[in-house]
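In what follows, a single structure is set out as structure tokens and then discussed.
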Amino acid sequence: MRTPRVVAPFFGVVGTVAVWWLATALFHIRPLFLPAPPDIVSAFRRQPAYLLHEAWATVTETIIGFGIAAAAGLGVAVVLAASRTVERALLPLFVALNSVPKVSVAPLLVVWLGFGPRPKIFMVVLICFFPVVVATMAGLSSTPAELSDLVRSLSASWWQTYVKVRLPWALPQIFVGLKVAVSLAVVGAVVAEISNPNRGLGAVIVLSGTSFDTPLAFAAIVLLALISVVLFYLVASAERLLLPWARAITG
Amino acid sequence: MRTPRVVAPFFGVVGTVAVWWLATALFHIRPLFLPAPPDIVSAFRRQPAYLLHEAWATVTETIIGFGIAAAAGLGVAVVLAASRTVERALLPLFVALNSVPKVSVAPLLVVWLGFGPRPKIFMVVLICFFPVVVATMAGLSSTPAELSDLVRSLSASWWQTYVKVRLPWALPQIFVGLKVAVSLAVVGAVVAEISNPNRGLGAVIVLSGTSFDTPLAFAAIVLLALISVVLFYLVASAERLLLPWARAITG
Amino acid sequence: MISLVEVSHAFRGRAGAVEALAEVDLEIGEGEFVAVIGRSGCGKSTLLRLIAGLITPSSGRVRVDGVMVTRPRPDVAMLFQQPALLPWRSVRDNVLLPAEILRLPRPAYAERAQELIETVGLAGFEKRLPHELSGGMQQRAALCRALLHRPRVLLMDEPFSALDALTREELAGELQRIHMDLRPTTVFVTHSIQEAVLLADRVVVLSPRPGQVRKIVEIAIPRPRSFGHNAHLEEVTEHVAELHELLLT
Amino acid sequence: MISLVEVSHAFRGRAGAVEALAEVDLEIGEGEFVAVIGRSGCGKSTLLRLIAGLITPSSGRVRVDGVMVTRPRPDVAMLFQQPALLPWRSVRDNVLLPAEILRLPRPAYAERAQELIETVGLAGFEKRLPHELSGGMQQRAALCRALLHRPRVLLMDEPFSALDALTREELAGELQRIHMDLRPTTVFVTHSIQEAVLLADRVVVLSPRPGQVRKIVEIAIPRPRSFGHNAHLEEVTEHVAELHELLLT
Amino acid sequence: GCGGSAKDEDPSGASSSPDKVTYLTAFGAVGRDAFAWVAQEKGYFKAARLDVTIQPGSATGENLKNLAAGQAQFASLDLVGAWILAGKGEYKDFRTIAVIHQQTLVSIISLEGSGVASPEELEGKKIGAATGSVNQLLFPAYAKAAGIDATKVQWVNTQPAQLPTLLASRQVDALSTFLIGQRGIEKAANKKAVVLPYSRYLTDLLGNGIITTSKIATGSPDLAARFRDAMLQGLRYTIDHPDEAAQIMKKAQPAADVAAAVGEITLMTPYVTPSGSSSPIGSVTEQRVARALGTLQTANLIPAGLTPSAVVDFSLTPKA
């Protein structure tokens, strides 16, 4: 008798909400600091259309940016994994770039890319890129010796080696990078929106913050969390669909 | 005749600096937007002791937070990997938590934890935790069937299975998580410092920003990048030292 | 000691189910040495996994010591068809793994591990990692590991398949000696009919997929049996021919 | 065709170097079938890897077709000691891998793949993934893959080790037929002296580590040779005994 | 409060050991906040038996939260923003104890030659402002008083630190920000700036002020008074010696820029001195506060009902 798949997550969520509610009630936390769940629900119900509209902006930025970062990260990782020299020359630069606080880059992005969705998408790309690169590189260099011997013995070209063996083998690890990246993607979009709050849930957070409407800010944050969870599990399902063999050879 | 290890990174760095310099010179970019390398060097040379002192604050916060996050992430991942039910109940929560924009959490951390290094360390933990969890979980569930059959056939306890087989096998993947985390760690420290700019390079960035001293801000950013690169390669060397076998069985 | 009653096993896969074993009945007595032969893919490994408790039968009952097998038991050791060595452990530490897991005193077992390593001809390779060994050497390391803690039941899946004829004979001799000494109940899957006849009290012949017990042949030749020319050459040849015939049909 | 001149190979490791091959001299003619036997760990796999161009010798020269081997050649196929199947590809797609890589026309080779799969007895398993196969079935799939593109040179590292005696004989017969048909230059590592004698034109006996050519035995029995009782039984027995003796000392 | 390292020791016990308090600046470490470091450096705090930790503050909202949480006891902030929050009932447990800027410093700033030289020219232009800031909230009132149509202005929301860059890169035509940022903006844009202060039309609003929690204001007025006096002493010294004050701040906060700080201090000097020459620095009258609140009410920023004494502790503001 296995419990259905939704039972556990359901209890997880209900438990958290309950603890949260209890904490706000027991310690008399003011909504200014941490609103109770009903405050948030009512904040949402005051203007659902607005919130969903802004959420949609955030979602599109996130998805486009994530897609670009995934493709670019994969490509770059393949190049880096192909040559030790290139890796030694470029990887430190990527690490350095990645450590530049995004918050302080955001204003520059607006200067360069204007007020539209482009600086936000670019920020998502910036923030997602690195995990994909690191995970893919690790995956590409984890090909078992026997399989790489096999393709070498067939005189496979560099390209064939990657397409037929290294990349498929790396996929489970690439998905680790994608999963980390997708949850950072949402954060990236929001950071950019906070810095130039004309659209998106980030704007909602900033605007409600300045007017001390903490419940509204939390409603936006809850929506963000939902988006993040949905995107994360979309990636996870893609993994399950694409890689049945990976689960079969592990125990 | 292999070129020595430092040649490639050297050319990588020199190349970037050259391109940067050229760009600022050719397009007459003003130091306010993007200072040229010499501006930054002179900004650093004006007050090296101060910058290094603040850098040290950032480094300690980063390292402590990273250490805590690595340990906690490992522990949590082991628990999640051990039970599908627990995973289903908790993982969505972690994903949700991870998607809460850190920038909007930072002020709350100060409210709760004061002005000292604690909110910064906590932020580093928040930001590093998730990649470690995801990567470790993936690593733990990648044990080859033959090895998990082996320990099962020896009636190993749950604990033994993890300590003797699953964790060692997961180490290469755990290091992917640690590498991603360590470079996020620096970002986390800076985000917290920006929000409460009393110490650290984040404070330098904010304060120099308000006084329009962009070269100084960039000097801080360059220091951050250096710190990030050094920490990243420390983790990478730990990996090389600990896992010679992992390289040996891959080709 | 070991009893299988109407044991069937089918693997479910995307491309349909594979019936690996069908209605297998088998009784193995305490201390007995049973060899299992059969065509490739007929379910020999599946049979061992069922006894080891690594998988549970689709139907039927598997008992060890009268107890239903639902999970692995510490007194049953399994030697897998693949060496399954831990790549980060030296040969010695791989061999010592069962002692660590069963919390046996290390010094005594370290000594025993060394003896076993020398017996199988791996002296000098104790500190090397598995990837530095040849295929046959890896298999011998796995053999040491299975023998280390003197299990009551020994399940061996083609333990000598990667070894040359001579090493094979030597180690088969060694195995016979160990069996006469400690009398572990042994189930020995092999591809060599010769080896089966020379080692086993009984030889179980499985039919091709789905594996069913086609015949059980008693080998009554007294022990110790030697592998070269010997007094019972005729009986050996007869059994080999009979088993060969059984496999063919 | 293949020539090795004073070839030595040592593996460097943390625990010191292992001398795997020492001063091996060997000439193999076009279309010849050479079997290599030797104790486990004596350097047989290393020898094949050197010829395949997967590793380069520490000293000495390896030539194929008069050209120094510095990397793998597409006309040389290697069958590894491990099956080395791609876990995400079905049996058929694994077998077709060389055709894809060498850009051979797919339809023709798909047909050939199917024939080979049927020959080795894997019909019905074309669409299954490797983990759904038994050890011997995986080895047979790898065999199909090595034979697919009719290579000029065939390097086989214990291709039948995981197979039962009967399947082994069948496939050895098949291999002989293929060899008589297409005449690939074949280097065949085996643990079975019998098999070596029945398949090879010459049998190379390697001494234990470091591997050196101890003796090369010509097998002059006319082909096709059959595996059951045959007219040359005496010669076979003689050769087997001689090789056995050579391995022993 | 949520605990933390709150340091509210009993201030009534007039022991010899100084009272430990934490003070938040209005915004980082810029010229307008220099006087706190001056008070520290000149020993005014010590003389008042105070041990003050100066923390760079972030914004009105964050400063109030930290005050509420007990992480700080005193703060500087923009009084208009703080009073709007009090008026809306979001957070009321604070009292103003001194006024630093007697008029609001909020202004429209644009660059010479950008076509914005008077309020009328703002119509149809893009104005950058910190998201949801007082500057934006007050604009309708300003527009009405200046006789322009507030709806014809397009707002661009950003972070405060980003504003000069936006103007310099011509992404916006004008900014709404504090006029003391003028020098920095000129430095950033390399051009002279045009400043249109809100105070020209909204004469009653106040700028920055020093606040404390109502608990301290009522429970330990002595502590608050000592702190106020030390701060105002520092403020006085600062406007008398802008260069030295900037140097002092630079010493404490090396990332600060001396020239920009001197610029801010000189620009804010006229706003620090109260109009009636008899009233001292930092003081404010109840009528003035009432008028300021009235302005906010007519601008629909707060509901009616907020009394001056609910936001200002007149027993603690400086008296002549």
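Going in written order, the chains are labelled A, B, C, D and E, and every chain counts its residues from 1.
Here is the rule we use: contacts are C-beta pairs under 8 Å (C-beta built on N, C-alpha and C of every residue); 3 or more make two chains touch, one makes a residue touch a chain.
The structure presented is a predicted model; accordingly, all values stated were derived computationally and were not measured.
Visitor: Chains in contact with chain B and with chain D: which ones?
Guide: A, C
Visitor: Averaging over Cα atoms per chain, report the distance between chain C and chain E in Å.
Guide: Centre separation, chain C to chain E: 84 Å.
Visitor: For chain A versus chain B, what separation do you get between their C-alpha means, in angstrom?
Guide: Centre-to-centre distance between chain A and chain B: 16 Å.
Visitor: With chain centres taken as the means of their Cα atoms, state the distance from chain A to chain E in Å.
Guide: From the centre of chain A to the centre of chain E is 39 Å.
Visitor: CA centre of chain B versus CA centre of chain E: separation in Å?
Guide: The separation of the two C-alpha centroids amounts to 37 Å.
Visitor: Specify, in ascending order, the residues of chain E that touch 2 or more different other chains.
Guide: Where chain E meets two or more other chains at a single residue, that happens at 2, 65, 68-69, 161, 165, 169.
Visitor: Hey, what residues on chain C touch two or more of the other chains?
Guide: Answer for chain C, listing residues that touch two or more other chains: 14, 82, 129, 131-132.
Visitor: Counting only residues that touch at least 2 other chains, which ones in chain A make the list?
Guide: 33, 108, 111, 145-147, 149, 152, 194, 209, 246, 248-249
Visitor: Go through the chains and record each pair that touches.
Guide: Every touching chain pair, ordered by label, is A-B, A-D, A-E, B-C, B-E, C-D.
Visitor: Using the touch rule from the top, collect the residues of chain D that touch chain A in their complex.
Guide: Going through chain D, the ones touching chain A are 49, 52-54, 71-74, 76-78, 80, 82, 84, 86-88, 97-98, 100-102, 129, 131.
Visitor: For chain E, which residues count as touching chain B in their complex?
Guide: 2, 4-5, 22, 27-30, 53, 55-56, 58, 62, 65-66, 68-69, 71, 161, 164-165, 168-169, 184, 187-188, 190, 253-257, 260-261
Visitor: Using the touch definition up top, name the residues of chain D that touch chain C in the complex.
Guide: 11, 13, 15, 18, 37-41, 44-45, 81-82, 121, 127-129, 132-137, 140, 158, 161-168, 191-193, 244, 247-248
Visitor: Where on chain A does chain E make contact in their complex?
Guide: Within the complex, chain A contacts chain E at residues 30, 32-33, 106-108, 110-111, 114-115, 194-198, 203, 206-207, 209-212.
Visitor: Going by the contact rule at the top, pick out the chain A residues touching chain D in the complex.
Guide: Touch residues, chain A against chain D: 146-147, 149-156, 160, 164-165, 168, 243, 245-246, 248-249.
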